[in-house]
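One structure below.
Note that the chains are named A, B, C and D in the order they appear, and that numbering of residues resets to 1 at the start of each chain.
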């Protein structure tokens, strides 16, 4: 069953056609990678899913809900979480707090004036948060400030922040960008574990190593259009993909 | 390392705070600050700064127009005295509500922007309020002179309950207790403790945590399913209500409301109090408010005669030198001291006075620890 | 450069032990105990509270007031040359303090803000035990502090405050004012303006947009229109506008031939400087010389306008060049101590301190109602303004008013104004009912 | 019509002052990222350069005349200034031109003050929060102000323009209108031209010199320029000094219009921030445009015709414009994205 359906999405920036007639179907419980060379429109497409950009035409439907016109926090509340290229976390708060906030957001909705009870008395929330920190192997550092973490640990923390919300769809924008080899491999392992638990994920990536170790299905974007969509093994051999990446010059 | 505070330490802090506030006349007496008016000011501006800290300390939104709420609260309270009753309870409630309503209006406009743009929006709106209150709104505010009570005020509730103040100007009274002097202080003190308690609850609550998240990373907050605007607006309104309450209390202890209370310098003062004490800490703003009010009232009153007495233990020529040096910093020079103090604090203690205290505390702890360790070491080393 | 310091020696003699970690909690001593009135002096001293602007735009005026107070305290305690005590018509003060008690004082900063002024006055009353508060350099502050003193049960002797309201709409039994007001300024200026500029004039007012400005504008309008002048326009200017050019240029082609600047302090300095810059002093309109009038002059402030004051008319409470015995004695005493002549602010505050001391001596008590009764209707002379009376109905002094003009050829930097006319008291008197307000009963506190 | 033209001139004149103060402020924003609450104090210090120059030029030889006594009984002092005693007519001329002469002296002094401020204090605050920058510079402003007060007193000190510039110029006749309709004080026209000159100088300095190019590149992307091995910090120090000079010159030339006192910097502080924000944080042309715009609008709002319709509008117009501009254009008229937003 398709959980995210993108139909005929077009987006223009002035004279540049950033996306043209993009169609995409993400199946529930799969890892779907979107790849493509720089400037292919990957980030533009992602921004259309999360309420940052509004497509000129077309539709983005998630679980029978149109995402168009929704604000980022509303999109999150229907079950879509995302991680950023550079980890977006609460730098000057402890790890536990970093994970507590999304847990509260999941339980209390986008706004609740809950000013009377102490956070320390929210045992259920804390247990869930600690569990997620344990999942990403950061439970030993729960009292430390997030800013002190390494790049890879920040990514883990961000993933924990998403997982604690038990999203129906997880969007990842170049999750290993700027990481060392070791960190990258760790992150891939972590994402694999998450995928094994049945999480639906959309990964935007241009590191082929990451893509091919994770993805169950790949869409290739070039110059704003989907030029191929298939299983990883098929994509590997697809001449159109090679052309898009290498410009066809050295085939 | 961040450690969540325990229920026990919070209770201790609250108890300590309450005791300190109740005993303030005795504690502060020896430094010359134990008289009712200054104590009242400590409590009132403490409340003001506590509220400001909920906005600035937690969300990082630097409002430069908070004095507007203080002024509006004062006007509301004095009008309550004039129209309804001299009972401070009603005045305080109305002042708080009016402060909150005004904050909704200003917050709704200003919070469309962040950073320095937000600061300038609040500044501009507050300055507009001040300028209008000073001039064209004189029928409501009595302009420069300030809104005062008059014998001929209607006071319909007092009249209805048969309360007659005779030929003299009434002063606010709490079921027969006049709200001047020490009773006035303890009325403010009760609300001060209550405000501190509420502030503490907010700090420890999920709501407070969300406010800190606003300061930390608004982008992440949005993509975490949280709507930032209502949180900031709620913080703005709560701090506006604190300011309105503080303004109301100013009117309760001294029923005169002047427009200058709304000027940008007054807004700046609460910013300085908060940063000086330590923004984002619970106690810091209270301490900052105390320090600034102490300087304003006590340092400004030192004249050379007083200094002569202070330094009278020195030989005469030294005494003269000390007096002429120190006289630059007190009396008419008290502004200089304040300015220098701001610089010194920010340069050496970025976290405000609270950081200073915690450094001293840590050093003390380390010292005592070392003392504890010492007798252990020798016994463990010469084992052979 | 005009650094004016109070010399240390003198201050030492008369200073109460204020602040400085000595005061014990007053919780048991000051209030509600056996005192029969607020801060009844029990020891060998009596404490005055001098509440003057030490920071802000009027700091220099405040410093001058403080000098005068210090001088007054010296004279009351019998130090120095006695100053105007020698010329004062009442001879009750013997130079041994008041009622056998030496006078000491505490000081505070009003910042020319009502809140700060009241806080400072409260400190003096609650902590330092002051039995009388005096000083100030603006009407807003005077009215605010006067109200406070009424509530607290101490006497307030107003400093420089010129608004009608101080002894009009907002008068209080415990408050007394020696300084004159806008009504008297208008009454005094009227005849001189008629003599100098004729009956057929068109006036344009620029008015500081707050109560004193409106009060001043109203009084000048009343008396100038009484002469047959027309009022072309009365424009309100924001307090502290700085650059007034946008208000002055409309005057240029308006057809008006007199500009009335209802400004005080820095606003006056700036608006006058700029009006002269726009050529208004030398202009010809309707075949007449254009004239600028500054209803309330302050010599200290006029110095800030420099040469621009030359030939500009206005009124003032007192000026050091007066030649009566009282003025001469005061200028001599003040000038010898500080090296320059006193301002009108210094004069009025000196008088207020002396008048209070004398009244307390005559009453034999510091009880506010007693001192007040001694001041009410008290007629005196020898304090520089000719025969003067503290009117019982509104606690306002009635005395001659000076009409002055900026001097063309000053001989020193203090010699800025010359006295054109001394308008006799009878001409500036008005019925107390004119300005409304209610004194109410005295409050002795407890 | 004449009245309107006069108000435009008033506005340009005011705008010149606003623009000069805001220019320095916005340069400091743009380059150093510092919220400088002491900028008003720099304006004030500039004005007191003029006061000092006049005072120094006016040092007097004091002789006592024992034959005449003052009212308080001391001998009358006969005062002659040294410059006149030494240089005769040239000395008189020098005294007369004390304000323009002050410019020459104010430039190096303000530059030194600016550099000292940056090296001694501001540079430690680049990385600190805006709130802390505000607190420390505000503290500095108070200290500077109190020092000036302790030396010069609190009252305004008159600084007349040179004799020749005290008159009026028939501006209307100059542009071909009827004579006598639009006459304007010469010094105010000079001030306006002077402000244009300084603005042009600052712009061409930043536009046409290599130094300026590096600074502009640094404003756009400080890190990259730093990576190129250019010592951008030292250049920024000089930029800070330059901003101080601009503020100081605005102060020097303004003294004949507004008699300086120690508090004048605070009065301009809020206003100059409003100008900078309306123009757009860190935008130089924005500061200039906003300065003149606000000056002119303020002048028009003060006209009786306008005030009769909306009472009190002249008291709030500046703030009202700031609010409206910020609501319509989030980063001011010419602001760049991302400057000073957090």
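Everything that follows uses one rule, which is that contacts are C-beta pairs under 8 Å (C-beta built on N, C-alpha and C of every residue); 3 or more make two chains touch, one makes a residue touch a chain.
For clarity, every value in this text was computed on a predicted model and none was experimentally measured.
*Asks:* Closest chain to the protein CA centroid?
*Replies:* Central chain is B.
*Asks:* What's the distance between the Cα centroids of chain C and chain D, rounded to whole Å?
*Replies:* Here the centre of chain D sits 35 Å away from the centre of chain C.
*Asks:* How big is the gap, in whole Å, between where the Cα atoms of chain A centre and where those of chain D centre?
*Replies:* 52
*Asks:* State, to the nearest whole Å, the distance from the C-alpha centre of chain A to the C-alpha centre of chain C.
*Replies:* Roughly 74 Å, centre to centre.
*Asks:* Enumerate the residues of chain D that touch no fewer than two other chains.
*Replies:* Residues 150, 312, 315.
*Asks:* Can you list the chain C residues in contact with two or more other chains?
*Replies:* Residues 59, 63, 209, 236, 238 of chain C touch two or more partner chains.
*Asks:* If you look at chain B, which of its residues touch at least two other chains?
*Replies:* 131, 134-135, 335
*Asks:* Using the touch rule from the top of the page, what pairs of chains touch, sorted by label?
*Replies:* Result for touching pairs of chains: A-B, B-C, B-D, C-D.
*Asks:* Which of the residues in chain C come into contact with chain B in the complex?
*Replies:* 6, 8, 11-27, 31, 54-55, 59, 62-63, 106-109, 113-116, 118-120, 122-123, 126-127, 139-140, 143-144, 147-148, 150-152, 165, 170, 209-212, 236, 238-239, 438, 440-441, 443
*Asks:* Quick one: in the complex, what on chain B touches chain A?
*Replies:* Interface residues on the chain B side: 1-7, 201-202, 204-210, 212-213, 215-217, 219-228, 230-231, 234.
*Asks:* What residues of chain C sit close enough to touch chain D in their complex?
*Replies:* 1-4, 56-60, 63, 209, 233, 235-238, 240, 242-243, 245-247, 249-250, 252-253, 266, 269-270, 273-274, 277-279, 300-301, 303-308, 320-321, 328, 331-336, 339, 341, 411-412
*Asks:* Would you mind writing out the residues of chain A in touch with chain B in their complex?
*Replies:* Residues of chain A touching chain B: 50, 71-73, 76-77, 81-82, 84, 88-94, 96-97, 100-102, 104-106, 108-120, 122, 143-145, 161, 165.
*Asks:* Residue numbers of chain D touching chain C in their complex, please.
*Replies:* 2-3, 6-7, 9-11, 13-14, 17, 55, 70-74, 76-77, 149-158, 160-161, 166-168, 181, 183-185, 187-188, 256-259, 261, 263-264, 267-268, 298-299, 302-304, 307, 312, 314-315
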